[in-house]
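Each of the next two complexes has chain A plus one more chain, namely chain B in the first and chain C in the second.
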Partner chain A sequence: MGSATSRKFLLLGPLLLFLGLAYVVPFLGVVRWSFTLPETGFGQYIAVFTDPLVQSVFVRTLRICLIVTAASLITAYAIAYVWVRGSSVQRALAEFCILVPFWISVLTRAFGWLAMLSNRGLINTWLQSAGIISEPLALARNEFGVIVGMTHFLIPFAVFPIASAMRSIDERVLLAARGMGSSRSRTFWTVFLPLTYGGLIGAALIVFVFALGFFVTPAILGGGRSVMVAELVYLRIFQSPDWGLGAAISVVLVLFIAILLALLRRFIKPAHMVG
Partner chain B sequence: MPQSMQPGDAKAAEIKAISIGKTFGAFHALKDLSLDIKRGEFLTLLGPSGSGKTTFLMILAGFLAPTSGKLVMDGKDITNIPAEDRSYGMVFQGYALFPHLTVEQNIAFPLKVRRQSAADIKRRVGEMVERVGLVGHEKKLPAKLSGGQQQRVALARALAFEPSVLLLDEPFSALDKNLREMMQEEAKRLHQETGTTFVFVTHDQSEALALSSRVAIFNHGELLQAGKPQEVYERPANRFVAEFLGEINLLPLDTVQLDGERAAGRFEDQTITVNKSSALAGRAALAAIRPEHMVISVEHRKDNCNAITCRVEGATYFGASTKYHLRTRTGTSLAVSMPTATTSPIEPNTNVWVSWPEHQGFLLPNGS
Partner chain C sequence: MQSSRPGPVLLILATAVALFLLMPLVAVIPVSFTPARFLSMPSGNLSLRHYQALLDNPAWLQSILLSLRIGIVSSILATALATMFGLGIWMFQPRFSALLIGFVLLPLIVPPVVSAMTLYFLMTTLSSFNNWIGYDTWLGVALAHAVMITPFAVVLILVSLFQVDRRIDLAARGLGANLATRAFKVIIPNIKFGIATAALLSFVLSWEEIGVTLFITSVNAITLPRLMWMGLRDNIDPSIAAISVLLILVTAAILALRIIIDRRKATDPQ
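Moving on, here comes the complex of A and B:
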């Protein structure tokens, strides 16, 4: 058994090697910068936790990520429900909605939303020509635009763990509830929903962690006005150049995500996260 | 017992299924099935896998709509009433407990649906937990219980709201033999205590005979016979029912003659006399006799009027009884079951007499 197990580890070899070279080694370099640039010490970390600009970006990032997570979960839940329990036509339609986003690049989608939401975009033009509004609504180049774009991108990732939790519900349990006189809505709230909590937690984790590192969508739809953490790192490294602070922010972000994952692993089985 | 009811109580319902048909696409799962379920009875639906038992139960519960026919409960047409408004108790195959709720919460579920007061729910749940012997397990999740305990929770949950009908779909099929027998006794006791109408599905014939006040035998979506256990076992309507309920010996007879209360026909060179069945007079038929109704003797016994000579081919020991495998002169094989305690073992290849009283035999149509 020992040799069979070690042979399986061998299969993981290429992946581990890739992860090591592409992520771990560069990350160690980033950690070094954070303590050495521009001078050796904890200075950059003190800045991360005291600089009002960095603070406000962290707070905005958390706020946006929480809203995006909530919005993605609710929408994904509805889509997953139709995908798992709908008629065959509804299922095909839901599947289409889930898969299409994977074929279009994140950049294309961000610009697509810009075309919809900007001041001269489709929505504002329609509303103005219909006479409903006189001044264009501020839909893009702000937090709202960022949230819309990110939610749209992340919904499919939330659908999979939720749908997998829904699929594993024993149909007879739902029949049993109905047979005891429980109405459809009561059965949903007291039986169906609680049985999908595992999938919801997994989906929330995936979406939230993914959202924390978002770069392209906030950069385009935020128009520089709602900078998120990843964009801040980019600005520090490529524009200011203030590599030490950029590196320290990255390290804090990675640690935050690691702690989050570790905490959640204690409460749910990994199988539930991906389904 | 608190709140126990007598059979025939107003709580128990009677249901008439009238010409129920159910098709799935082109497949006929139920064919023109009519069955009266009497108030307070313990009716068992028995049949091989795929014979339509679950389909019929689902139609009774309201989870499936029949393609044709109707259901009448206590004189009221309920064919189009949805399951949640029929509110029969139901025990599903595989229990179908709510995995995220404790034993207590599972049993309380139907009571909460009925918006009973917290105090009433607490009292009733306590009562049911005690009745099915689960005291001390109230706070456990179903996954932490053994199969038999889960089964009890399912029973308690289904009976907690005092349904007028309890439907059970092969509730004990996953349990080992001892536990199954214990649960059968418990089901019987609960039936007597509650007086509720029980409709019980099984494909285990001994379970059906042991538990029910009536047995309905299904095959290929048709109801073949419904009657008391003794009736269907001792006077089966056809060969399928006879063979499904247990082993049976079939002797082909040439032309059957009626003779007062008896019928007679020739098998090999003997006259075999059995109970009368006028429908088969003048035709070839099968004489049917259960293995336990026959006896083996070395001498020709005059007290049983039917006797044929056979050769012993082997024996199977079952503890309380021993089953002998025999063959008649012309090659028809027979099985005879004898109580081990009162018979001395018979060696293979001995020539013996097999005899049985005439009232233990009956006629079945030749063919299937």
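Moving on, here comes the complex of A and C:
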């Protein structure tokens, strides 16, 4: 059936060809840059692993990503629980609060946090007019602002896999635990929570991987003082041109994520990601 | 089930999270009416000067029109490619389906900054061959956006395809329908809402895209997010607050449209 193969390719081919030419081939070009700019060799990779500035950016990025992942998981768990198991009014309110920010652009949301946190923003204006503080608190343009803005961006992405895991819990298991005399909180900690570990791991993975490559929110809320690895790539391309280093950092990032995904492969359930 | 309803502690916690999620969006509104030329909460007097500034500066309208054009072209391209791919996976069930799907989801999994770098390489390379598609051109941005948004379209279309009953396709085949008839007369009508949702999400994602756009544009192809970015980096321009309020309203309208589409889908007999 030669014609069946050709018809199969007619449907599958265009997208595979498109991404092959517009994504995979150019990525190989970036890999080439990392070995050839400014000179041929492994120099840029040695720089990635030894340069103190690059090292400090990597350490800061990992620290911020871990804090943001933990904060997103805890907050997402609370609102996901209400979204899945609340009364119908509670469910609708939770869905609204999750979906509206999800659909609003990352720039608008970062600006919203500037309006909240900056020196003349909502929080400092209120605290000052209430006489609680005399000088504005430094809430934005630092690492705190970056963590708040990134957590805000990533909560919906954590909610979807967690909510999906919560929905697939068999109600009878919880009733059985209660029927055998387990208290509400004990049922939660020993039955409900362990049944959602799969969703939590999926959520942690999504949030962590997204956070690692984050660019816009740290650039705006960090104000250049709390540079993360993605912003470093941008700076190496456009401000102090060192394309080779930017390319090498990109390749290292991709390898890091590939290893992470390979290690955690058995926890990834594609169905949970879609929510 | 009364036993598993959220308790008071959890409700308080969830309310705090809900406020956290909505607060920054609400905070934009008073800032947009400040009479001052810098980001601040208005004290007493309200002013529409930042909305007026949006009208007075033609750059805003130009960038909105450009973003619309790029969003339409890239979402049509992405939706068409994703629909064909989804049909291919569903109808032929090729041996390496999981691998093929994983491959087309790459731009979604790879960190955005790496995709940006990759597309920067693509655009600068294309620019050395032609003046139409390449670095800092609107067609170049549309092409790059299509790369970034296709994975989302693929996911949505596959989800709706997997809800289609295979027996209707088997029946069509049994009655002698060829590939085109099966695709256009049988399968596509059954996933038309999935395709519409994919096109809508693709458009919104292109409309909002900034990470890649920042790498592949400089002075000519200034999309709306690119223009907002310029006003956000150093001295914050309160016009950004005014445009943000408008964007939040537009997003709310699109969400409402989506809910209407979902409602019609729910009442439409499949």
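Here is the rule we go by: the second predicted complex is superposed on the first by the 247 of 275 C-alpha atoms of A that agree within 3 Å, B and C clash if a C-alpha of one lies under 4 Å from a C-alpha of the other, contacts with A are read in each partner's own complex, and residues count from 1 in each chain.
Assume contacts are C-beta pairs under 8 Å (C-beta built on N, C-alpha and C of every residue); 3 or more make two chains touch, one makes a residue touch a chain.
On a predicted model such as this, the values are computed, not experimentally measured, just so you know.
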Query - When both partners are placed on the shared chain, which of chain B and chain C touches more of chain A - result: C
Requested in this report: Scan A:133 for contacts with chain B and chain C and give back first, second, both or neither.
Outcome: neither
Query raised in the report: Is A:53 contacted by the first partner chain B, the second partner chain C, both or neither?
Result: neither
Query raised in the report: Regarding the shared-chain residue A:26, is it in contact with chain B (first), chain C (second), both, or neither?
Result: second
Query raised in the report: Touch check for A:92: first (chain B), second (chain C), both, or neither?
Result: neither
Requested in this report: Check whether A:213 is in contact with chain B, with chain C, with both or with neither, and answer first, second, both or neither.
Outcome: second
**Report entry** chain B versus chain C as contact partner of A:101, first or second or both or neither
**Finding:** second
**Report entry** First (chain B), second (chain C), both or neither touched by A:175
**Finding:** both
Requested in this report: Could you tell me if A:81 is touching chain B, chain C, both of them or neither one (first, second, both, neither)?
Outcome: second
Query raised in the report: Both chain B and chain C contact which residues of chain A?
Result: 175, 178
Query raised in the report: In the complex of these two chains, what residues of chain A are touching chain C?
Result: 4, 7-8, 10-12, 14-16, 18-19, 22-27, 29-30, 33, 75-76, 78-79, 81-82, 85-87, 90, 93-94, 97-101, 103-116, 118, 120-122, 125, 152, 155, 171, 174-175, 178, 184, 187, 192, 209, 212-216, 219-220, 229-230, 233-234, 237, 246-247, 250, 253-254, 257, 261, 274
Report task. Flag every residue of chain B that touches chain A in the complex, lowest number first. Result -> 61-63, 82-90, 92-94, 96-100, 109-110, 113-114, 157-158, 161
Query raised in the report: Of all residues in chain C, which touch chain A in the complex?
Result: 1, 3-7, 10-11, 13-14, 16-18, 20-25, 27-28, 30-31, 38-41, 43, 81-82, 84-85, 87-89, 91-92, 94, 100, 103-104, 106-107, 109-122, 125, 143-144, 146-147, 150, 154-155, 159, 179, 204, 207-208, 210-211, 214-215, 225, 228-229, 232-233, 236, 240-241, 244, 247-248, 251-252, 254-255
Query - Touching residues on chain A, where the partner in the complex is chain B - result: 170, 172-173, 175-183, 186, 190-191, 194-195, 197
